[in-house]
Amino acid sequence: MSVVESPATRPAAPAPIRPAASKKRKSDKTPWLLAIPALVLLAGLLGYPLVRMVVLSFQNMRLRELLSGATPPWVGFDNYTKVLTDSVFWGVTGRTVAFTIVSVLISVVLGLSIALLMRRVTRGVRLFMVVAMMFVWALPQLVAAQIFRWMTDSDFGVVNYLIDKIPGVDYANHSWFVNPWQGWSVITTLVVWAGIPFLAITLNAGLTQVPKELLEAATMDGATPWQSLRNIILPILKPLITIVTTLSVIWNFGLFTQAWVLRDGHPEPSFQTLATYSYTQAFGQSRYSLGSAIAVITVILMLGVMVFYIRQMFKIGEVE
Amino acid sequence: MKRKIAVAAALAATLLAAACGSNEDSPTTSASGKVDGAGKTLKVWLMVDAQTAWKDVVDNASKRFTEATGAQVNVEYQQWANHLTKLDATLAGTDVPDVIELGNSEFPKYVFSGGFAAINPADYENSGTWLAGLKGACDFEGKTYCVPYYAGARLLIYRTDLFKEAGLAAPKTYDDFLAAAEKIQTAKKSDPKFGAVYMPGQYWYAAMSWVKSTGGDIAKQDGDKWVGQLSQPASIEGLQRWVDMVKKYSKADPTKNENEQAGIFAQGTSAMFYGNAWEQGSAEEVKKDPNDENSPLVPTKVKGKLATAAMPEIPSFLGGSNLGVAEKSQNKELAAQWIKAFTDSQSMDGLIKANALPNSTALLDKAAAANPALAPAAQAAKDSWFTPNAEKWADVEKGAVLQTMLTDILTGKKSVADGAKWADDQINATLNES
Amino acid sequence: MVAVAPVMKKRRAKSADDGVLTVGRSKAGTIAANTAGILFSIFMLFPVYWVLNTAFKPANEVLSLEPTLLPKNPTFDNFLSAFKAPLFLENMLNGVIITLLAVAGALVVGFLAALSIARFKFYGRKSIILVILVVQLIPFISLLIPLFLMLQQAKLTNSLIGVSITYLVLILPYTVWTLRGFISGIPRELDEAALIDGCTRAQVFWRIILPLTGPGLVATSVYGFIQAWNEFIIINTLNSPDKQNLMAWLLQNQTTRGTAWGPLMAGAIITSIPVVIFFLIIQRNIATGLTAGAVKG
């Protein structure tokens, strides 16, 4: 059995043998007993707060209610109408979606290219690549973001210093966050840079499962490398690519730390994402209910992607 | 005997409040008389400035407090970056700090939301002459909810060597200031990194001081509504005045705020900046080890070349902090006693030595006499302004409204008029939100 | 027979790993590929190098308009400064305790749940799988306020226990899901044979399933460790500075008087070291672990 196995190549699994021993288990309480601790913890620390969050989004909780502990007044759908009719919210949503699409596209394409490259280089170089990526992968998100903030600092940053060295280019004191396009390219670079190790190493592991004989035969038959990639490698990798892509979408859609740290804890309107926007509304402006409503909407917006992910994962979980 | 009366009075006040059915009117916390705090520990939240600049004053006040009441003191120092988020979370619970320091512009929100207990100003030294900019943040519906702690006024900090080279003296008028900037800028034309004035783009305390200088304002109360004033002609004029100056003489990052200005100024690529009195010291010397308060100081490139002067014709923002007793505190009277010790004349003398302005106008002249370095700041504090005393003002600050406006104007994304109009809309929406 | 999965799996992956893609293989191509690979690695490592460079510079070289590519007067001062900084050691210890509690708890609880959904057919199994998958996708930040209010009522704020439980739950769904993958990699026939041989179910668990899931447990715990060690938003809101971890320390180590970049970068390095070491030790397992959990059935 292989690490990465696509349903397509998997031989039709023989129907599991069910001896008497396993039949007896059917009415058994053991599986529930085993699952109960996990379920209780999840219900208590995720389920209950989740319900409270939804409830909160139908109330109007401000600092006064937070401090006094009084039940906030009920306001029905007021928070939702307020959010959904606010052009700022839609701007933030559009930006978050655009960032997600661009950053995931770049990450996955680059990740796959690096994975392919890793199959092509000699062993020493591959080891160097793996070690380099391991270091990046291991860096905590907060640390990575702080490094990028330091490197792109307008006064002391090394990026400006190096670019300024190019003859005819004046990048001294250049501020990367004046122009949102430039600012977002810094954030995207950070996210892609930090995301590539996971993608490349995972996809590389997947590539090791592509039967060598198949590729040799294809080359023999005169297939170009591009054809081999399209017709052999990609179909085999497809389930893996689907999963890493959906995971990247979910992670990047929830972008918080990078934007937060690079903008020094107070992202300007053009650097807000749904996550930072909800957080600033709730904790910065004490609009806890409005922040909750934004969080609920964010989760709903993500449902589409989540359903896709869950279906894929469910298929896998179902098999046994 | 005295104590019994105090207890009786407090009881009566409680009963009265209960009888009137008002829960808003909690009794005023008294700091007079003796409180027995033996076995108790008072929890105090101060901002990090106290730790870095006048920890001895804190320790001394705590010592005197412990001698008088028998209670211990546990001081926790907070960072400015995230202290409000933490405060919200903590105040929502039951185990709250007894004494809390907040920036004066942050106080109204918490006072309006019932976070602090009312105090009796007469219990505190110098309460008759408290600085208006600090005390304003404590007042709500005829009661006082916090005690002014210290203040800072902003000044012009300039390079004496460059001024001398150019044959200039400290500017006496705003035109002098511009002329000095022009002359030094011209003399340093060959250095592309040099800007006569270091003024980061999101330094809104500075920009708003310029707005005040032409008679403008941020927001005004009209009946029970707040109205943003930035797009009024007088404000536009001041804003334009600031923008013109920054565009012409500053090479600073338009997306940075003033937090790092001393360190950047110390690189020697500028002749003037606008800051608190203590920032002169931060620019001239840095601690070898920033995490060690006893670390030796290392001189920077501008060591011994700096002097301060009042920024001519520009009224200063009166920054500073106040101290309040948490409404949920179990030790209100002890808390009030500690604040009393920490804001008395003896403590204020300590603050003056540490280059902070005392909390009272009566002490300003004393401060100027005792600490010459503080004289220009004491002078500037007399002509100062303060942010709108609106419940939700802190939300405007947290929402980075003014910072965004300034960056947008400086980078040409918006005209001064458009930026001001946008900021007014944001301010109106935030301050008047129910 | 489908082999004793985890062990064999690794060996096979290794042997395949030695092969080079045969597609378009030529000497010039290899040189080009090697060059690209090295350039890519340098690009990836540059920020890492820059932190090290900054951390070994004395303060006046850190804040310099002309940064040098190597420290002129290399120094350990920044590291000493970080260690001497208020709360650094306390926060480091807190981080270790919280992380260990959370990971250990998640492994125990998660393993049982994984066993349940991987080895039993029962009514409600699908719902449990669905719950496990859905909760992984909820942005935890949005739950901060209700979470805080709840822990406050239970008197668990400002305590290491409260954060540990929260982190346990944070990494639990992933743990269950990944372990489920590993457990189902062990052929059912093995436990059934053992049962027929007279083993009790507990013995099957101790003698067969647990040892064979070993590598899976390692990979899963590493991922959990990293998640718990790196978290800072929740702990920053729930606990006061003396009860926080190193990440929160890093976030807070900025004063109004400017960021002390040298000690901050030194602190960042110290904070990252345990994670890097863990990563390097299990680097062979990690890709296997992640994909096995995510992809294979």
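As written, the chains take the letters A, B and C, and residue 1 is the first residue of each chain.
One rule holds in what follows: a residue touches a chain if its C-beta (ideal position, glycine included) is under 8 Å from a C-beta of that chain, and two chains touch if they have at least 3 such contacts.
Small disclaimer: the values here were computed from a predicted structure and weren't measured.
Among the remaining chains, those touching chain A as well as chain B are C. Of all chains, B has its CA centroid at the greatest distance from the CA centroid of chain C. Comparing chain pairs A-C and B-C, the larger number of C-beta contacts belongs to A-C. The centroid of the Cα atoms in chain B and the matching centroid in chain C are 42 Å apart. Per-chain Cα centroids separate chain A from chain C by 15 Å. Along chain A, residues 155, 283 each make contact with two or more other chains.
Among all residues of chain B, those that touch two or more other chains are 81-82, 85, 92, 193, 260, 267.
Shown for chain C are the residues that touch two or more other chains, namely 63-65, 149, 237, 251. Listed in rising order, the residues of chain B touching chain A in the complex are 81-82, 84-85, 88, 91-92, 109-110, 112-115, 192-193, 251-257, 260, 264, 267, 327-328, 395, 398-400, 403-404, 407, 411, 430.
Only residues 59-60, 63-65, 77, 80-82, 84-86, 88, 148-149, 152, 157-158, 236-238, 240-242, 251-260, 262-263 of chain C touch chain B when the two sit together in their complex. By the touch rule above, chain A contacts chain B in their complex via residues 62-64, 66-69, 154-155, 170, 172-173, 175, 177-179, 264-266, 268-269, 280, 283-286. Put simply, chain C touches chain A in their complex at residues 2-3, 5, 8-9, 12-13, 16-25, 29-30, 33-34, 36-38, 40-42, 44-45, 47-48, 50-51, 54, 62-67, 109-110, 112-113, 115-122, 124-126, 128-135, 137-139, 141-147, 149-150, 165-166, 168-169, 172-173, 176-177, 180-181, 184-185, 188-189, 192, 195-196, 201, 226, 229-230, 232-233, 237, 247, 250-251, 261, 264-265, 268, 271-272, 275-276, 278-280, 283, 286-288, 290-292, 294-297. Every residue of chain B that touches chain C in the complex is listed here, in rising order: 48-49, 52, 76, 79-82, 85-86, 89-90, 92-95, 193, 259-260, 262-263, 266-267, 269, 282, 286, 288-292, 298, 300.
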